[in-house]
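Some structures are shown below for you to check.
After this come two complexes, each holding subunit A, first together with subunit B and then together with subunit C.
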Partner chain A sequence: MAASILRRSLLTPRCRAGDVAALHSGPSRRRAQAPGPIASGRRAANSPAGERGVAPWVAVVGLEIHAQISSNSKLFSGSQVQFAAPPNSLVSFFDASLPGTLPALNRRCVEAAVMTGLALNCSINKKSLFDRKHYFYADLPAGYQITQQRLPVAVNGSLSYSLCVGRKKNQMVTRTVRIKQIQLEQDSGKSLHDDIRSQTLIDLNRAGVGLMEVVMEPEMSSGEEAAAAVRELQLILQTLGSSQAIMAEGQLRVDANVSVHHPGEAYGVRTEVKNINSARFLARAIDYEIQRQIKELENGGTVMNETRAFDFKLGCTIPMRDKEGKQDYRFMPEPNLPPLILYDTKSLPANTNHQQVVNIDWIRERLPDLPSVRRVKLVEQYGILPEHSFTLLNEDGLMEFFESVVRQTQMNPKKVIGWILNDMLGYLKQHNLKVKESPVSSLFLADLLNLLERGTISSSAAKQVLEELWKGEGKTPLQIVKEKKLELIQDQQELEQICQAVMEGHQEEVMEIKKGNQKVLNKLIGLVQRTTRGRVDPVLVKQILEKRLSQ
Partner chain B sequence: MLRVSLREISAALKEGRVSPTELCQRCLSFIKATKFLNAYITIAEDTALKQAEESEERYRRGQILGDLDGIPVAVKDNFNTAGIETTCASNMLKGYIPPYSATVVQKLLDQGAVLLGKTNLDEFAMGSGSTDGIFGPVRNPWSYSRQYREKSVQNSHTENEDSNWLVTGGSSGGSAAAVSSFTCFAALGSDTGGSTRNPAAHCGVVGLKPTYGLISRHGLIPLVNSMDVPGILTRCVDDAAIVLGVLAGHDPKDSTTVQDPFKPFELTSFIDASKLCIGIPKEYHAPGLSSETLALWSKAADLFENAGAKVIEVSLPHTRYSIICYHVLCTAEVASNMARFDGLEYGHRSSMDKSTEVMYAATRREGFNDVVRGRILSGNYFLLKQNYETYFIKAQKVRRLIANDFVNVFRNGIDVLLTPTTLSDTIPYVEFIKEDNRTRSAQDDIFTQAANMAGLPAITVPTALSEKGLPIGLQFIGRAFQEQQLLTVAKWFENQVKFPMIQLQGMMDHGHTVCRHQKSAFFS
Partner chain C sequence: MRKSGGGRMWILRFGRYIRGAPSGGASYWGGLSPGRRFTQAAAGGSDGRQDAAGDPRRRGRVYQNPTWQHVEQRPLPEKKVTVEVFDHLERLALVDFRNWEGVQRLEKAIQFADQLHAVNTEGVEPMDSVLEDRCLYLREDNITEGNCSEELLRNARETVEEYFIAPPGNIPLPKLEERDTFLQVSE
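Let's turn to the complex of A and B:
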């Protein structure tokens, strides 16, 4: 267990309750508290002790994640789904809850949920139900949200995720969190509060967009674990195409249930942290809340069952002034939607119109390789390290880039990965670019690596070429090599002369080596490199130098 | 001319004996002449005349859209009509002009029907008298019939002629009054607990509540989604079958409509009664059932028996829980359905705007009457977490038992059930309002409610006049989706009883006030 994150000093609370007005996000802010944490002895107790030497604190973290379904139209209406469209331009009569309108379930949304359920090892309920959850809010036109409270579409799944642990963060461990359920539900609209005019403006474009709510059991113990689980879920959703899952666009919203307790004791009182709408702050928000609760309890205080929002500017959680916190949602079956019936190949009635039914087996057969499978394949196929496979998948498009380079070069993939992860990714990160925005195409990189592999240039020359390629001027690596005269010096005699000259100019080093300090040999090799601007093969230079030194 | 049936006027149009425009104008002027009935909330004169002209053009070209082309109809004001105000007789929707039409309205228009206007009702269809809407109560045309007037003179309590006017029943009282007073040839009602059949019975017209799922509810402003069905009010059973043929069928906009294609049917006049099995549910001998209605009911049973049908007493043991069960389910759905009326997107918005919450509260206080607010309150109470099991779940279980009673009866060979529609004939408004809306609704829905619980088709057929000269209807309840069988039986019965036509005094040219049918000897 990642003990280090439980250090008290990790984050310093800087803000008090009520400093900042509550922020609002999607409908999740008003959902009922999930049933209390279950007592279980599964959690290991290896967290550092509290200040007074009592048993260490252990944090318990559960997640509720709302993923916006990637579909052309909304969950129950024909309105388009589109991010950042002009306000109220994507609103059907149903979305605006005009009297007399009725919901008609979008088949694509059901398929997305089934797909996601299968990918998360869930059992898919062949019959699921829709319910109304009531609350008054300006961006909820009907006064209720249609959700799946009683019988959701998928239940009892699991998600495996990996994270780096250890002092140097160089040890990969894989953990599993159980998925309680996945339910289909409507998104709400958006309220924009104009404090100056004391007005609230409502945009219903988002109202009625399909959401999958993924409920993870409280089986994580740190922000880092939660962040890794969310990242893996995000990758899975994106691989399936069931959600674009871009947090910045609100397509993936995370609420965390956080509590702390001493191992062996009952679970502590939970708070719900809302509005964690950025991957960057996910771990921080949860860790802050863990530390806040520990501090509160150690100072003799109590943790209140409340909803808190994470303020990313202040880096802390603050209570949401949400009067509806204790509200009764008065759930009721949605009378306008018959039960959602799904089929498998066995139960599919004969002569069915395939447009009218969803066949679970059909979807299962067409599931793409999930990230975990892809990683294993990458490791097996290319002989790269498992952590490299994680990096390849974590960056959008990087795996495709890597495979494309590998296809076009004779270089061993194990060597290619170094160029991809160190040189290429380093540069992109430094310039805040996405893989698809890279000025160096996979073809050019492959060409470059081929020049290196064939011995046309040295690896340090290759780096110079790459520098040149980043400028994106369209020159091929070979052109650059030619222009800059970076080809390796192939002439043995010329090399011998250069080495001789370097040795003569550095007698002290030569003496050192002759005394037995072989490390200095590398300095000489470097000097030869510098003299030739990297146009030599270091292996060859080493051989020549060694030969001459032993003479 | 206005007093004939839809089928007859359709024939007259086709034969050119009357033009759609002429017909429309006549109806419109008659609506004005009978304005005191308060049957209509909105008269769509301009659009109606335009529709009539278009129809006329189609007749001229010989390209009519169907049997309803040029036929003036009326629609209860809880169905959305694009461009025509739709109020639900509530302050909440006063002035609300919907941007779309209900599927059933659109189907009528697509058949060339001429929409005369929107008919009066209890606010949001909550009531059984058509007395509790913001536009005031609907008056039963029979209040002004010669049949009733003559009898009430005999009973000598007519010092003030106008004080004794009668309620139509409800909540589709406007539609029933409109059909009964000849201002239209068919009207749409809605039926959640009897709201179509009850006023139809009190106004002496046919009222059909089809099987749940046969007709789209899209655009019907809901009362109880799981029980609401668009209802059809006509002068005779044949007309109801024609309108049903136009309205029935799957609607992708209403997921609760069945997918099976519906085949419109024509009714035969002849039935082989010996193959018919009529069930008489003994539980319908309810307290409060008038001796007249009871007598009529057993005469009707005899009629079938004498014609060779098997008439069997059956039991629907759970029906007596229907009203209380309905109270829970209805108010729960009402509480939910009414949540959308918050003054934001449409409808009434209070000027009190200190905060969003204050605005909600004031809007809903001002927009809804006591009946609606009362039901919202009880419904929310039943849906509270701590009450949900005790009330809502239990009511749902009882509903299942009620529905199963019918399943059992029909499984045992019963084709159609015969019951009263109402406890008695209608009563004067001054009497009606002595009890509150809730009490009245509970009493008046007693025979009609269970069919909604079970989703079954039911039809009320005007049967005879009471001693006071007022209509009494009897109800037939059929198997789910067996409308053809139900209506065939109803039509046969209609032909036997020869219900007298209303003789309206002072509202029409007296020269036309001819009784077309003589009362049958049997029921006199």
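Let's turn to the complex of A and C:
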């Protein structure tokens, strides 16, 4: 009840409630400053030259991703991790930072971080240290966050992602972005702002939950690349099981650092964009911010080093607060936690308690197949195109659906994939359904495709049957075919009769064909199809017509 | 006659008060004859801290000569802390350098800590925790705590429907010019 009159805070510790400044820069930002010297040569990654003949701009995008670790209990305490629960019911004394409490590290969180580090090709630091990052905010009861700033768990990795380029978006290219580090840290609580009563309500259920912060190098140059990278990371995390990575539930939070500069010059001033709730909004927010910065600089202004929030309703970024100087976090080593030592099979001392030891090699052996590997396997196993396997893995559950259909049908997987991606996926998107909510089960689709393959029905009839199946009334494809009498006419005599009738009814066209215009033949075939309501095999009809016409 | 004070017993033996451990008794003296001055460390003695250097009993355990060196109190460079730094500190740590004495105290503290610069730390790994030899205990991923919202909320002065109440957002300190602090008065 209290929540209905409140608005959710913009989650970050440094934003001020009600601090919404004007969208566009004020008069103080206009200065008589010409843009930089025109660089020679190189084509920019995006943004063509401006109207005034200004040199092309290059955008630099770096991402900081916080992924909530999927575990039963929190990082340093034994309270439960759950998304929706009564306020402050999942809070232990340590999470509320009552005096005298100490952190106890959760083994599962360490394993999740190591798994993610190995999946992203990082080198795992056998010794990592915990630090305190101090800042004041009401949802951080201790006044500091335990994180790993000096020596994180994993460093120097890479993430490969594919995206569609080209005007028709049909060329898949693979790009790589380097991962600077992956570290373990604590989450803060949630604050709900009540502007009417000028107060903030604090819920500490989320305080202390384990997060993995993935810091990427600023090597991307557009919103699309960033969205593709985040999507790939999401798939990897979901495959590993280290995080469920649902952006809508706040399990995956992305902050983007955006700056623009001319190629060949030094990097521009960067701004940080926060409050992004989905991968699509991420692309939009970054693109908006790039355009805003370009416009600002082309008009002679400067870009301020600030934090901006993305307002998805307006589709723009709004300044959150001015960073006058850098925030001083006063990092210090966490005095209550010794260094975290990880072992591999070589360095594992004998007679150790297995519960107290995290073995990197043990985890590496048990890593599941990553999405990139699964895509390659799909292409090899079924002979489908890489773009198809990309789409299959992109949709939750679609790959399993496809594989189950292929198992139950005799049709070639290359044809099945067409049905899955064009028809099934089209219907799902139209009705905004997930694969598991599909009214058409894989069994029904397999039956339908079998009927098609055996020649019982034509492909246009099959599409009609699919439409009928989509209503989800529980009828099998065979029943629908019988009801609507969609079987192909197999009887040769009947076919010949129908063709004869059509030819007699359209003497003009027959004349045309006899003169040599073959294209009219297709019209006759179409007419035959229409009379029989799609129950004829076009190939057969063509044969019969040609035979008759040549008589 | 026995007097006891401060954990040590003064035992009268042979006309002389001799310091002994609280666990006094015939066994304490071992097999040594009472008249001889002890020149070796006695078994079972507990506190020799205060008379270490001089007490002949302890001669074997504690260095006779100090191993530390006296550092000359060179007049270290007087680092004046600027007003901007004070403002920054006040903002960060929410302290109030109320008057000149507060500022002086900070400067003296900095000077005191600066003595560390006299130590040569070349080639020495920095120590970041006294726990560096300890094993970090890894806890199993089980739910063992929580569900004590009533107890926690009792600590707060104001609560609303099981939420803690806090002031709205982060209200930063007003800028130095607008603040009523002695810093701008004096500098």
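We take it that the second predicted complex is superposed on the first by the 486 of 551 C-alpha atoms of A that agree within 3 Å, B and C clash if a C-alpha of one lies under 4 Å from a C-alpha of the other, contacts with A are read in each partner's own complex, and residues count from 1 in each chain.
The rule we apply is simple: contacts are C-beta pairs under 8 Å (C-beta built on N, C-alpha and C of every residue); 3 or more make two chains touch, one makes a residue touch a chain.
Predicted, not measured: the structure shown is a model, and the values here were computed from it.
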| item | value |
| --- | --- |
| Superposed partners subunit B and subunit C on subunit A - clash or fit | clash |
| Subunit B versus subunit C as contact partner of A:110, first or second or both or neither | second |
| First, second, both or neither for A:83, with subunit B first and subunit C second | neither |
| Partner chain in contact with A:470 - subunit B first, subunit C second, else both or neither | neither |
| Contacts of A:99 with subunit B and subunit C, given as first, second, both or neither | first |
| Which of subunit B and subunit C A:331 touches, first, second, both or neither | first |
| First (subunit B), second (subunit C), both or neither touched by A:138 | both |
| Partner chain(s) touched by A:267 [first = subunit B, second = subunit C, both, neither] | neither |
| Chain touching more of subunit A, residue-wise (subunit B, subunit C) | C |
| First (subunit B), second (subunit C), both or neither touched by A:312 | neither |
| Touched partner set for A:343, first subunit B, second subunit C, both or neither | neither |
| Offending stretch of subunit B which, after superposing on A, collides with subunit C (from 94-102, 112-120 or 490-498) | 490-498 |
| Subunit B and subunit C footprints on subunit A, overlapping residues | 93, 96, 98, 104-105, 136, 138, 200, 202, 328, 330, 335-338, 356 |
| Residues of subunit A that touch subunit C when the two form their complex | 1-2, 13-19, 71-73, 77-80, 86-94, 96, 98, 104-110, 129, 136-138, 150, 191-195, 198-204, 325, 328, 330, 333-341, 355-358 |
| Touching residues on subunit C, where the partner in the complex is subunit A | 88, 92, 94, 128-149, 152-153, 155, 160-172 |
| Residue ranges of subunit B touching subunit A (in the complex, touch as defined) | 79-80, 86, 88, 93, 98-100, 102, 217-222, 224-226, 252-256, 259, 332-333, 335-336, 338-342, 344-346, 356-357, 360, 380, 383-385, 388, 392 |
| Subunit B contact footprint on subunit A (complex, rising order) | 93, 96-105, 132, 134, 136, 138, 141-144, 200, 202, 328, 330-332, 335-338, 356 |
